[in-house]
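Two complexes come next, and they have one chain in common, chain A, joined by chain B in the first and chain C in the second.
Coming up: the complex of A and B.
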């Protein structure tokens, strides 16, 4: 951080210290050690318990906070960045030319934005996750810059940061932090999206065992032509414990000057046109053995960890973008008059603004809650939460930008106004860093994995006909059918939420409780074959995303009311609207999950799809067709 | 009233039956019509009375209401007339010329019923049996408005039964050939027989059912079938392959002058899908592949013969199961649940189907000749797109054309790689029986 002061983040109530900004030097070493590659099971975070119908309120209440000093430092730091983005970045030009001007890149480097996540000892800003999220809010004003920065530090150099050796860090991180080197993350190939087995790029060990020879092509590499450092994933042959030869994926740090690295031409994209995306080819590139990240054959875990850790910031990024859009469209809606009334007086326009505000509030709450959880000691595994933030915020972004464009009507369709650019830019959010479909599977599978382990014994006993377990089960069903009021401790005597959002909290509790029951039923019904029930998994993911969002807004609104922040009544209002809405959506999804295939349409939907896919075309005859 | 009507009905039925069996034994169409008439709600029962009267008047006009043997002989004059009028042209023009000539010959349309029966019989001969315009032309021969019942009684009883029967017969033939009547047909029938008549009822039934059956076949055969053997083969192969991504290749075009009965350079058309190509590429070269055939494929009235390139089912120990989706497969989410819980019994909607496992089929072809030399050319052509095939021994097991596949002498293994020939033959002999039955099964399916 620019001030370099010792900043500590206090998590109220828990009494633990969360790191924001630069950690004290003596703690830094320990901190970075703890950031080592995670392979074993980690402390489960809040969301996994939702699958059991439980709320671990100490994980999410109270809402994470920063100290006043940190806050002031943060504000000080944010000002120049904001000024730069407002005054010097010409997004329209970047979009039109399809390239970020060199001077803009240089200014970004000067501001240190290329080293936000790199610890201070390596010359970076060493920001905490919360702080990173805050800065992301500003960077999002230009999609291309945000993506360039994210590709550099959220994934490009994350491998080195997470699993690199001290030597690798000392060698590369300082230059990466200043932006002298730009990093790129090379995983996707023409044949391999998420399937690790179909990676074709291969690294073979040379005769003298000093370097690997890398061959292959990677596609859609952000920063592909700007970057000098690539994190490349390639197949290597290793000999496993049984003495068999096996192909495993290994991660390498590849410098451009190793030779044999070439780029394709820049891709012509729909949105984020200023970001640099191209193919990268490696042809007999010699990579020294010391440039292997982690162990040989560890590439898969590294890739997964890098991908999982990079997602949480999208929430604040999108929130920043929509906040800006709200400003612009509100201005328009209040000045444009039709029938002698400003647009803002029409109910359908008001509805859109309420939607924008609500979605922004929710994703902001989720993003900072998750960032706070990630900063909390012990480095809990927040990858599911981060995935949820990503899914929610990317979908909200697409919806909100489209609604904002709708507010300004035909104007929004014109290239002279920024709305269409926002629309194009936001479309990528649903696709990259794991498509939302894949992330939904990740969310549901991770939760089910956890629930399956916990519930295994109970379900086994039930299937075997253990009488006491069965009785317990039956009595639970009886209790539910008598419409017992669910209480999981959010409200009442030991409650953590403010009474003004108590009703919403009760709704959350009810949803969580019944969600737990449904998960158990589904595990009993499908067992491990639930992997094939993607439609059910999607519903589960939708429910749990809503549950997490409800938790985040409840936590944040309660804090705001308790502290008496300005306009906290607005927050309460938005919270109550969102929670009610989400509650009913969840109820619908839960009822669909409880049903068997013919009733919940899943079977029919699959059949309709099969018919279309079998014919590889739309099957119905034209409405004007006739036989006689 | 009701009981009177029933009595009339019964009488009518028995008499009608009797009358018919006398008039035209073996003429079945009336019988279903009669029973339909009993069931048809809107139809009034028709008495025999008026029809008996009609019979006499009819027999004056056309004196051959006699058993078919007699009528066949008596029909001959029209046959000659038909031949003459058509001018020897065995096609639509000739046919319509003959029909028009009859229509114009005589204002009274004497003998039109018999002429129509004759024309109906002649239709397939002239290749017009699928032509709606011809049917309408035939119906147009009937004199208009003469047979339309004019009062209630005529409506109740069978008015001009022979003519109605003939009209029904025309529609019947349309039904058999799947020709859909149109508005013109309806208009003609209305003009000829009126709304309350058997042909009209038949028409309504056709118009109700035929559209429903028209598209019932999910794999329609084009009408008319292509004349060109290559197009025909292409169509047949696409039909067997049932894979939209399969690609048809013409390996050899027939020489124009050889289009005759025994072409020295027959056409060879093959089909292969990308999946089959991949399977062939992975085939173990130590195991032979077989060219088998010919198997018949019927497309309407055409019989095509095809050959398959196939291999035997791998023994279980050599089978490469699809690589298990390991834990480290997907970068984004785990694809397996670490749990030993199984699916409960209630969500298993699959039928318990006992599937017969068969060896893979790598490609199919249709050729103008079924000898080994021709098929070897096909294999050569396949080698261009499937380089792996060059290393795999190919065994020809060819049977005789004519449906049933026989295990004859010329099925001796003639692998392109002679070094494995003996082994192949022994291998083949062991497996002859089961594999042949498998193939036959396949051919049928």
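Coming up: the complex of A and C.
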């Protein structure tokens, strides 16, 4: 995985801190509902400092708010969309037929759902990230529709939005906003899934330098046969700064009517069967040079930025789905009687509902916190936070839907009920938009790189004899040895959390501090080769996802209690349960990270895997086998 | 008639899909935190008024709602569907439960006269109380003809032809304007407010002026809110 690791580092280093060209600023009304286009370099958000054992309070406290006007507008938007999904969308039929009916697609276009992210001046709704997340909660009722909409706007046309020129935007966005043109994102190929930098599709500049000739095949493209606008990534030859010829990826806007664009047959999928997924082939397609997005050779960065910016909405999407499930399942659990008692009285069933409620609460909190951060002035780079939301939500979705199916028992297994469809639809969440494994590596590596830079600077300062740094270092060592409780500013005099969640906040602080120390230890132990230690990085990613989740729920619960929202004591309860659970899981992972073999099982695991992979089969002798 | 103004009454009720629960002290149903929306028959009435406006038979559609401040949400939905203006007759929350067809019809009467409406469109009944009285009472107080349970509405000149769904079948009557019509289920299929329309509707207007304290039966005074919605404050007397 080394080349994947190197490339991700490159993407992280280059992508997250540079702007994609200066874009004009829109109205800067405070609390403006409409989304502003980015401009200027972006500062890093909250999570990277967790790797140094610090909590940047001001990034996450208080929990993001919208103005009353925006809230009212949001509620107004929700009404017709909810009504449409409740009354006019027959998810069972869509799943059975494997296609979304044209009338449904037309209604979606009329409702304006194809242009949610496009700014108003191009005919879209120009929604902020928070609003988009809110509407996503409703769209997730039908997985196929949610994926079709997301593939169109969250990735398909995002490239044009983020990095396109005024001419490109004016030419394409209005028709994309009304849904007259549907967009698709073409990156994956048969030989390049997670390793996006290894794509083989080529675009060669024509003789007269007016066109690029595009050749290649892309697979598993959502909206592949519906779309007329494709964001295609292809390798182009460029001359780099040293004068050498290099192959770099470039992003193109390709229209179907450029010629040479063909589709394969629709793929027969496990879930989201209503969405259209197929191969897209480009044969000598002529793409005008004006259709290059951004700079030639900038494609990989654009791809990463596009993918990073769409991820956060998965949190609210899944939360919306699970909320509906909780309602249906609770109805069942309270009416169904076994052993003369309703199911809701049994502890194991209650545990499942508490799990569903807890996970939903965390997902919602994380998603809206991230969306709020992304909407805040300065537009910080929240790609790591968004990745964490995606990992947590996708895994929670799979778990929660499975548990809900379990509650309903045999009924859940039958196609007459929606549970098995939810299960099949939610399995893809762990795979697309960046597999959870890749995202964990990304989370860990971004944080480690940041921590590494800061620590390197600290060590240099120490070596130079900087007294304040030395004192800080010594006092930290002393503090650890004396085992004093650490306070990172969440509680106490300048505290930002409400007293009812103070204990959970203390646990979070303890975890964060310990984590910062462990990161230092690991960086010293492994140095640059830490990128090879995937099992260690996975633990780190799991820890930091939990830390971010704990922060989100603490922030939200504090706000709820301060405002006196309905059922805030229930929120406090869920917060405390989750934080306690996460605290102990983190402690386990942290201790495993610190240890060497044999307490740390990583080496043994790898050894066992090597044998199995070497023989390409299960290698133990059959239990019934005899020698004598 | 290009000069015709339509006054449409809309009521905020518990959403039809919600499972109603009785309060533990048995004094009523649980309304706190429960999803509310516009009465379906009122939606049909608004849709009809907007269609008449689109056919250029009606000049202005004014939506009216009586109740606590949450009614403004219902008015916004009506505006998003195509109504031009909204009037919110605000009733304090404590007295909202005592608000019945008699009081509402008095308000509608006063407003119809104040706004010089030529057509009052209401839903035939509300799905929470099923009273089926407001339209009829309003017509009586205004001394206007009424066409209730309308399943078809045609405006011709200064007359309106209403096809009514009654127990025995269908009855067609012709009324001279001004008139009160209440909408039945098959009058039309309400459109969805599309999100672009909702956005266009939420234009902000500045300006407020002070309200005096009126009673329900006297002509109310006006407080202008930053929306094309006027708020009238009312108390019981």
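Of note:
We adopt the following convention: the second predicted complex is superposed on the first by the 563 of 628 C-alpha atoms of A that agree within 3 Å, B and C clash if a C-alpha of one lies under 4 Å from a C-alpha of the other, contacts with A are read in each partner's own complex, and residues count from 1 in each chain.
Here, a contact is a pair of C-beta atoms (placed from the backbone, for glycine too) under 8 Å apart; a residue touches a chain by one contact, two chains touch by 3 or more.
Please read these numbers as outputs of a predicted model, since none were measured by experiment.
Residue contacts after overlaying the shared chain place A:341 against neither chain B nor chain C. Touched residues of chain A were counted for both chain B and chain C, and B has more of them. In the superposition on chain A, A:194 makes contact with chain B only, while chain C stays out of contact range.
After overlaying the two complexes on the shared chain, residue contacts for A:446 are found with chain B alone; chain C is out of touch. Judged by the touch definition given at the top, the superposed model places A:415 against neither chain B nor chain C. Once the two complexes are overlaid on the shared chain, A:627 sits against chain B while remaining clear of chain C. Once chain A of one complex is fitted onto chain A of the other, the partner contacts of A:606 are absent, as it touches neither chain B nor chain C.
In the overlay built on the shared chain, the residue A:210 is in contact with neither chain B nor chain C. Touching of chain A by both chain B and chain C, each in its own complex, is seen for no residue at all.
Put simply, chain C touches chain A in their complex at residues 17, 32-33, 37, 73, 76-77, 80, 192-196, 198-199, 202.
Those residues of chain A whose C-beta lies close enough to touch chain B in the complex are 187, 194-197, 248-249, 300-301, 303-304, 307, 434, 438-439, 441-442, 445-446, 448-449, 452-453, 456, 459-460, 523-531, 596-597, 603, 615-616, 627-628.
Against chain C, the residues of chain A that register as touching in their complex are 72-73, 75-77, 79-81, 83-84, 86, 107, 110-113, 115-116, 120, 125, 566. Across the interface of their complex, chain A is touched by residues 180-182, 207, 210-211, 214-215, 244, 323, 328-344, 346-347, 349 of chain B.
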